[in-house]
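Dropping a structure here in structure tokens format, bear with me for questions.
For reference, chains read A, B, C and D in written order, and residue numbers begin at 1 within each chain.
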């Protein structure tokens, strides 16, 4: 840190006026430290990531679809802000539940879960979901997979091929899987068996010879990484989406050029979910001179703000 | 939970467009769950708390002044949004450091702290602060306290009286202590000795007969509580400010009518800082039918948004 | 809560003497609340789970093998305390790295990661690992998979079959995969592609026709669930292992009879990793009257203590 | 980090056998990383801190007395392991509640707090406490303070003098305040007004001329710091106790030689409670070459283990 000017960025203090837009508030955050300062940095990095020569990865863990982030994800896909989506089976199942007419509801986390069970309600923190939507999901999903197997001589599928086939058959254009199919955004879901898709496909598997390969997806994501001129990743939460995106850069010489992490997981547990982006530099997953930031804050808030602030910028 | 309609509030999913104001984004948060949904609820409660018959408490822990929240606090005082401020010695010291010309700077948390020490820089997470600002603080603070003791026959002071005397002598109108003095907002700081004010007053105490009583403040805050028609509290972080505000309602029959908590502390440690607002109901600190919400997210982000959204509403 | 005796278990306060065994300390924890009280409850439940008619699931997330928990897992397998293991690819890769002669080292988390990269060292929080161990892993793993494909006419494998074939070929009897193979404990790893196994199998896949099916494992774990008289789960961390074990009970009428969660993830993020065990009751994954406890504390500490205290009990 | 041997401490993996003592388990922790490795380091540092020339500070935040840690604190005082105690008003109030015959009980955190209020039960996470114990506390505390004022011509008190006078009048030898008085361990509690002691002294203050000075305590703690040959601090939680102990070293040239932090607060919030011990080095509160460690885990567990392992060592 020799010759560093430690005092080149004095904190100016956020100043709130009436009727501010999110872009204006982002400028106020930029004067601050802690989460506010980091959020401003995330906005700057996310805007920089929208350059034409950047391949944009999006890691989506957590229960973001049940929590109300579905439309934001879909719009990011439609607008070209996501080139590669890596997510969990749960987010895809809940995307389909809504595509098939089901809904998630605002609830409470301080309830009697045994009473909920009696009412056939499933709880996801402060979200309620009727069991009956799973019944609908099972029926519609079975029809889709039946059609896929009937029409597809090619076997076995990779997981992303399978998801693309599903996406093509979803009527709801505001479905993540449908939008990804429409806009040719590959969806990777390495732990797909770890979801109701897994349970359903298993039931279905007895009837039909559906085959989905565990490993073959990796070729596709590696090809994307090798062909990227520059690359950036936005991680919402950790888990498999974060690790899978990170490892895809492990064999690529230069690593990610941009990385943003929106999480409440702290590094102190030692797990990968909370690992710092610096740690990823030791592995070479992130480039030595990459622009990176972690915002420790609820991702439903920070993702919304980053996307809103990015939209404003693009308009200008 | 009998006869409750679990499904009355379906999640609509946030929808981001260009150029949104923070009030518009708050409406999008309101469609969601998790932190986004809670933030929308906090905004609603904070707006309701601005009614004329509500006495508004503000608990300010954490290093919010160094992080860039000073102007927001000052404006809340000036605009009548804070009727009682309870804070830490550290926030008041850093308020005075800025009032006396010092500054906090955006830094990094991944630095060599021994190297910083060599450069005479103090670190507060990702904020840097030159040691020399403490020297200035010490000199100016000594002059203020000398003047207080010289002119004040009345002894001993309560802590809030002492802080008001200090505030009156600060030239910077954008100081929290000055604004509180100007607008007659009492400032309570039970742990004032636990700060550089404590260290300074101790040095000063050898020369002059400054006496500040530990307990006598409580009469004033209890009187405020007894006289409040309705009452609400916004807690930024936990610590002494939260506990002191909470305990002031312990002997008041009805407890707080509104309470908002902005924190990253979770209840699982068992400490008061992370305790749920429901727990406070068992003690009677918060009323049984109070409107309450905790937003688990970085307070520099959420406080800014709540204040911005509240301002919009008040305009309308 | 009518007619409940709220005061039937007064806290007696832990009392520490010289030379205490872990079983004696567990009795002291049992007098307490917060983490200590919960740990004592976890010990009681874990002992109860060792009954002959209980099928015992073990969910292993986090970087537990690099952190020094490998021998404990292996001994749990050898002693019959684990009947079903669900884990991450990372834990299996690091198990093999040690089986093939590599080692993890105690390091520091406050280091310059770019400097580590220059020294070809990978960091996992405060664990250091030389890049060269991955080279050894790649070579040995390639030999094992070549042998598997050469000798196995049966294709495609399920993931657990594939892992069993690997385990059989590992020489180190203190390997988790080898012990699981030796003691017929099925190992499930739904996100296996999300690890260096994935990367390696992909490289290998170009040469040989290795096929591993994504979904077919679920039949085996469902059969285990259906055949269990009683069932219990110990979750170390969250992630895929937790969700996969939980979902395996989703279609079983009675859910788990016992569940212990050792985690630092709190429910407030809304993610499955930090979800309470009560939440799982709403889904029916855990039985309404199950004995459950979550210990919010570092799992390297609590797992060690629970296993040690369980061993003591079994001796008596 | 030039010429550092990154690989000098290979992880050996914990090995659990029947009937292990806590000292033996500590040796197993010492082979590991993450929390287990840090706990082993904390044990080593805590043992080193017991040397004759070390002045030992103990910062006690959180609800440790209600949670069952009272006897451990008392025994540390009686055995000379604590030379200076800094704590919260709450811990002292709950110490007195037990001294006066009241009790805390193991409860649940998933209860209806409004129902608890109806039953006149106060909740502290998973601890229940009857309101009536506060009534007893109030009566007995009033008698003690009346006696103090009647017999003490010297006014005003420092806070620690006042606490010593209280401790002398407590009959229960297993009280923290009584033990501290018996063994001449000064107790500092800067935020004493922020507790039921504050509320009570205020009520009492109307009748009698009790005067307790806010700042004068600092002289005593500064004298202790200046006279210490070497110094060490064990912090249970953060809050005022941590900050007050830290700031007492701010003006001492060499800072603490040893520091251990047992907490669940992470640095990412920017608050002092979760601040790293390295950050304190930039301020000079902790010496550049001090031995320090933070264990991120529930303190009711880790404090018990550290004390137990220290006792074993001292026997040898």
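Rule of thumb we're sticking to: a contact is a pair of C-beta atoms (placed from the backbone, for glycine too) under 8 Å apart; a residue touches a chain by one contact, two chains touch by 3 or more.
All of these numbers come straight from a predicted model, not from anything done at the bench.
Undergrad: Quickly list, by label, the chains bordering both chain B and chain D.
TA: Touching chain B as well as chain D, we find A, C.
Undergrad: In terms of C-beta pairs in contact, which of A-C and B-C ranks higher?
TA: A-C
Undergrad: Taking shared residue numbers divided by all residue numbers at the interface, is the value for chain A and chain D over half (same) or under half (different)?
TA: Both copies touch with mostly the same residues.
Undergrad: By CA centroid distance, what chain is farthest from chain A?
TA: D
Undergrad: Determine the centre-to-centre distance between chain A and chain B, using the mean Cα coordinates as centres, and give it in whole Å.
TA: One centre to the other, that is 34 Å.
Undergrad: Per the centroid of Cα atoms for each chain, what is the distance between chain B and chain C, given in Å?
TA: 43
Undergrad: Hey, how far is the Cα centre of chain A from the one of chain C, in Å?
TA: 25
Undergrad: Where does chain A touch two or more other chains at once, residue-wise?
TA: 33-35, 63, 67, 110, 116, 121, 125-127, 264, 266-270, 278, 296, 298, 300
Undergrad: Tell me the shape of the graph of touching chains, choosing from line, ring, star, complete and other.
TA: complete
Undergrad: Which residues, counting only chain A, touch chain C once they are in their complex?
TA: 61-63, 67, 90, 109, 113-114, 116-117, 121-127, 156, 159, 190-196, 198-199, 201-202, 205, 210-219, 222, 237, 239-240, 243-244, 247, 250-251, 264-273, 275, 278-284, 288, 298, 300
Undergrad: Report the residues of chain C in contact with chain B in the complex, numbered from low to high.
TA: Listed in rising order, the residues are 33-35, 110, 266-270, 296.
Undergrad: Which of the residues in chain D end up touching chain C in this complex?
TA: 1, 6-23, 25, 28-29, 31-39, 63, 66-72, 75, 103-107, 110-112, 115-116, 119, 121, 125-128, 130, 264, 278, 295-302, 304-305, 307-308, 311-312, 314-315
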